[in-house]
Amino acid sequence: MSESVLIVGAGNGLSASFARLCHSNGMRVMLAARNIDKLAALAKETDASVVACDASDPGDVERMFVNADESIGTPDIVVYNPSTSARGPVSEIDKNAVRDALLITCYGGFLVVQEAAKRMLARGTGSLLLTGASASVKGFANSSSFAMGKFGLRGLAQSSARELAPRGIHVAHFVIDGVIRCQGSDGGNDGKLDPDAIAQSYLDIHRQHRSAWTWEAELRPWVENF
Amino acid sequence: MSESVLIVGAGNGLSASFARLCHSNGMRVMLAARNIDKLAALAKETDASVVACDASDPGDVERMFVNADESIGTPDIVVYNPSTSARGPVSEIDKNAVRDALLITCYGGFLVVQEAAKRMLARGTGSLLLTGASASVKGFANSSSFAMGKFGLRGLAQSSARELAPRGIHVAHFVIDGVIRCQGSDGGNDGKLDPDAIAQSYLDIHRQHRSAWTWEAELRPWVENF
Amino acid sequence: MSESVLIVGAGNGLSASFARLCHSNGMRVMLAARNIDKLAALAKETDASVVACDASDPGDVERMFVNADESIGTPDIVVYNPSTSARGPVSEIDKNAVRDALLITCYGGFLVVQEAAKRMLARGTGSLLLTGASASVKGFANSSSFAMGKFGLRGLAQSSARELAPRGIHVAHFVIDGVIRCQGSDGGNDGKLDPDAIAQSYLDIHRQHRSAWTWEAELRPWVENF
Amino acid sequence: MSESVLIVGAGNGLSASFARLCHSNGMRVMLAARNIDKLAALAKETDASVVACDASDPGDVERMFVNADESIGTPDIVVYNPSTSARGPVSEIDKNAVRDALLITCYGGFLVVQEAAKRMLARGTGSLLLTGASASVKGFANSSSFAMGKFGLRGLAQSSARELAPRGIHVAHFVIDGVIRCQGSDGGNDGKLDPDAIAQSYLDIHRQHRSAWTWEAELRPWVENF
């Protein structure tokens, strides 16, 4: 029986690379996004199911997992990517946009972890891979809402790792510390992260033996200041 | 002209100790809480104004600051204490309780920082003191919602510190790493944090010269494992 | 009976400010440095004993504490400041200079902590205040030997804090994240750390109640990028 | 032309697993240890050169690299494993043992990084893989010398990563957070780290594309408290 993967927040970039890598490794793939219009080509290329889902909506997330139950079964891997933010001075940014950012970036991560954990715990295995950013570990000026969401998601990841690892679920958080290059561009001499390279590290960590799990890894271009 | 302090999330413990300490240092005091019934004695003792405020409600927070404008002026110090959490396995905790926890613990912090920053930036000085916990820097099992909220608040604090410090506003985050002892109890040979001792450190950090500011300090009992 | 302080690595800047602050608070002061010629004026001003000591030499450190036993008694506070480094590319810096840097910055800290701990444990109280730098928590390019020494000193501080705090000894590590301004200069609008301000925070942390101790605090100018 | 690897501090466990993994991937292998008597079987199994080296001795380290120049060429991978410590209360441990621990665990790492960097910079590629421990990021009671050495090595790794990454050298630090199981034992239901699993993660990180490098990864058993 082949493995399966659910990618929440699918689009271009990392999620597309990871979908292709999983597909080429024989996994069944499911793609979820708020707007699924853009996913047709990727879904075709990776033989993927597609489901529309606002990750900050509890009902949507529950329906997405019921849909997964039917189409790919309990996923072996669930990836959580979505984030938004309201950029600008903390004294000026829109209150509603900050709230939405927190709900999508962090609360949505919880909703997905919860539904995935229910299923993975019943089976006793699975990997939950949460996508962070530089802002997960460093709060930058004029970026408070992004820091709130990404720090919060990291807290979820660390708490869930402590809780779920001893029950067989591998939770890993990735600090993507740089700009991901667009598919087809040259990445400026590798000064931007190649999404295929990120995807390979996601798969490497999924493949780790349970006696030697990583809960967090940062990834950055060789020339990136940090 | 004496200094003034607004304490959001006032009750017993740290907030009461800090109110008393500020009052005894000649500051005007304003106390805010969702439920203000419990604040009568403390308000009387510290000559404080009292205002009801759900810190996760934008309108409430705006009204609280308008109220402060009239009663104590732009505060020299604003303290943010509120938090809630939904304790239990990440696969079982109530989705709505998690959402509320995130909004009160983290989003409420943003609302208060925003309104305070608007006023403090106009004056060019002020201290924003945000109360964290062990869960601000370590995500414990069965405590995912608390980790989400407290990590997120720390991200807000760090981002705001980087943004506001060069404009004269001192943002500091406190990692309270232990149990705060109840007023009047003996603290088990100082095995729990004395709220008066915490309050002194809050004031010490407010009093720091701007050439040597601390953005984060942890406080724990001498006998606490960490 | 008044308190006493031993400042290892005394010179200008922070150590001089702290000596003056302790003296003005009624403490007996002892100053130690490799080269004590420069200490005459400060010693006179603070009624201090002076002792020559190469902090990386076990015999010197033992003799310094024997000297302290006789002149100021077991110190209530011991400060450790010394550091050296070999600046330059890791592929080019002088091997002997790196070794010396590690021995002075880190091993000397151990020697001082050990002798101080022996005495403080017998009494059951005392503060060990270790001076770190930006390099204590961030390893910069072309600064490997400084990172090695200061990271190592921080490891000593954290381990000693965990070990000695439950026995009554307060170990605190200070991350001085910026340039300390020279005595008498204006500090460029407080863009450099005022050594008197740092000294005040050292004393504040010494004065903390044992139910709410800080083991680490960073200090930086309001305008410093971090 | 096949890749080559130099493993400093070779013995059983991780180093043996990594030697085998590299050999099975077609690399030329060189093994270095203070005592090489124990390496005969592993050397035969992996067609490896063997060299005696006290990693804390500058002359020994230089000779080791000259030896490597002749036998395996400039290594594509250099691994640094050695560490010692003096376990016990900070007030009681032997001063000389602490000094030796610092020199072997940390200074030896510098000596090896320096000689490796000289050669790798000339070529423009290479991986420097430094082995840390729980004590690299957490200073435990009664373990001050181990914390000093391992924190210091981490400082070296981080500084070197910032300095060398933009010149093509991948520096990575591994926090081995648990006990490595002995070859042939069952690891208690994977409660100890399988050295083959660690070795795989070392190789995965060596294989990362330079647009997405990890500078630090922790590895721990699924059931390990952290």
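Per-chain residue numbering starts at 1, and chain names A, B, C and D are given in the order in which the chains are listed.
In this text, a contact is a pair of C-beta atoms (placed from the backbone, for glycine too) under 8 Å apart; a residue touches a chain by one contact, two chains touch by 3 or more.
None of these values were measured; they are calculated from a predicted model.
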- line: Per mean C-alpha coordinates, the chain lying farthest from chain C is A
Message: Measuring centre to centre with CA averages, how many angstrom lie between chain C and chain D?
response: 32
Message: Could you work out how far the Cα centre of chain A sits from that of chain C, in whole Å?
response: 45
- request: Spell out, as numbers or ranges, the residues of chain C touching 2 or more other chains.
  value: 162
Query: Can the chain contact pattern be summarised as a line, a ring, a star, a complete graph, or none of these (other)?
result: ring
Pairs of chains, among all present, that meet the touch criterion: A-B, A-D, B-C, C-D
Field: Complex contacts: residues of chain A adjacent to chain D
entry: 162, 165-166, 168, 170, 181, 187, 190-194, 196-198, 200-201, 204, 208-226
Message: Please output the residues of chain D touching chain C within their complex, sorted ascending.
response: 58, 89-91, 93, 95, 98-99, 102-103, 106-107, 110-111, 113-114, 117-118, 121, 135, 138-164
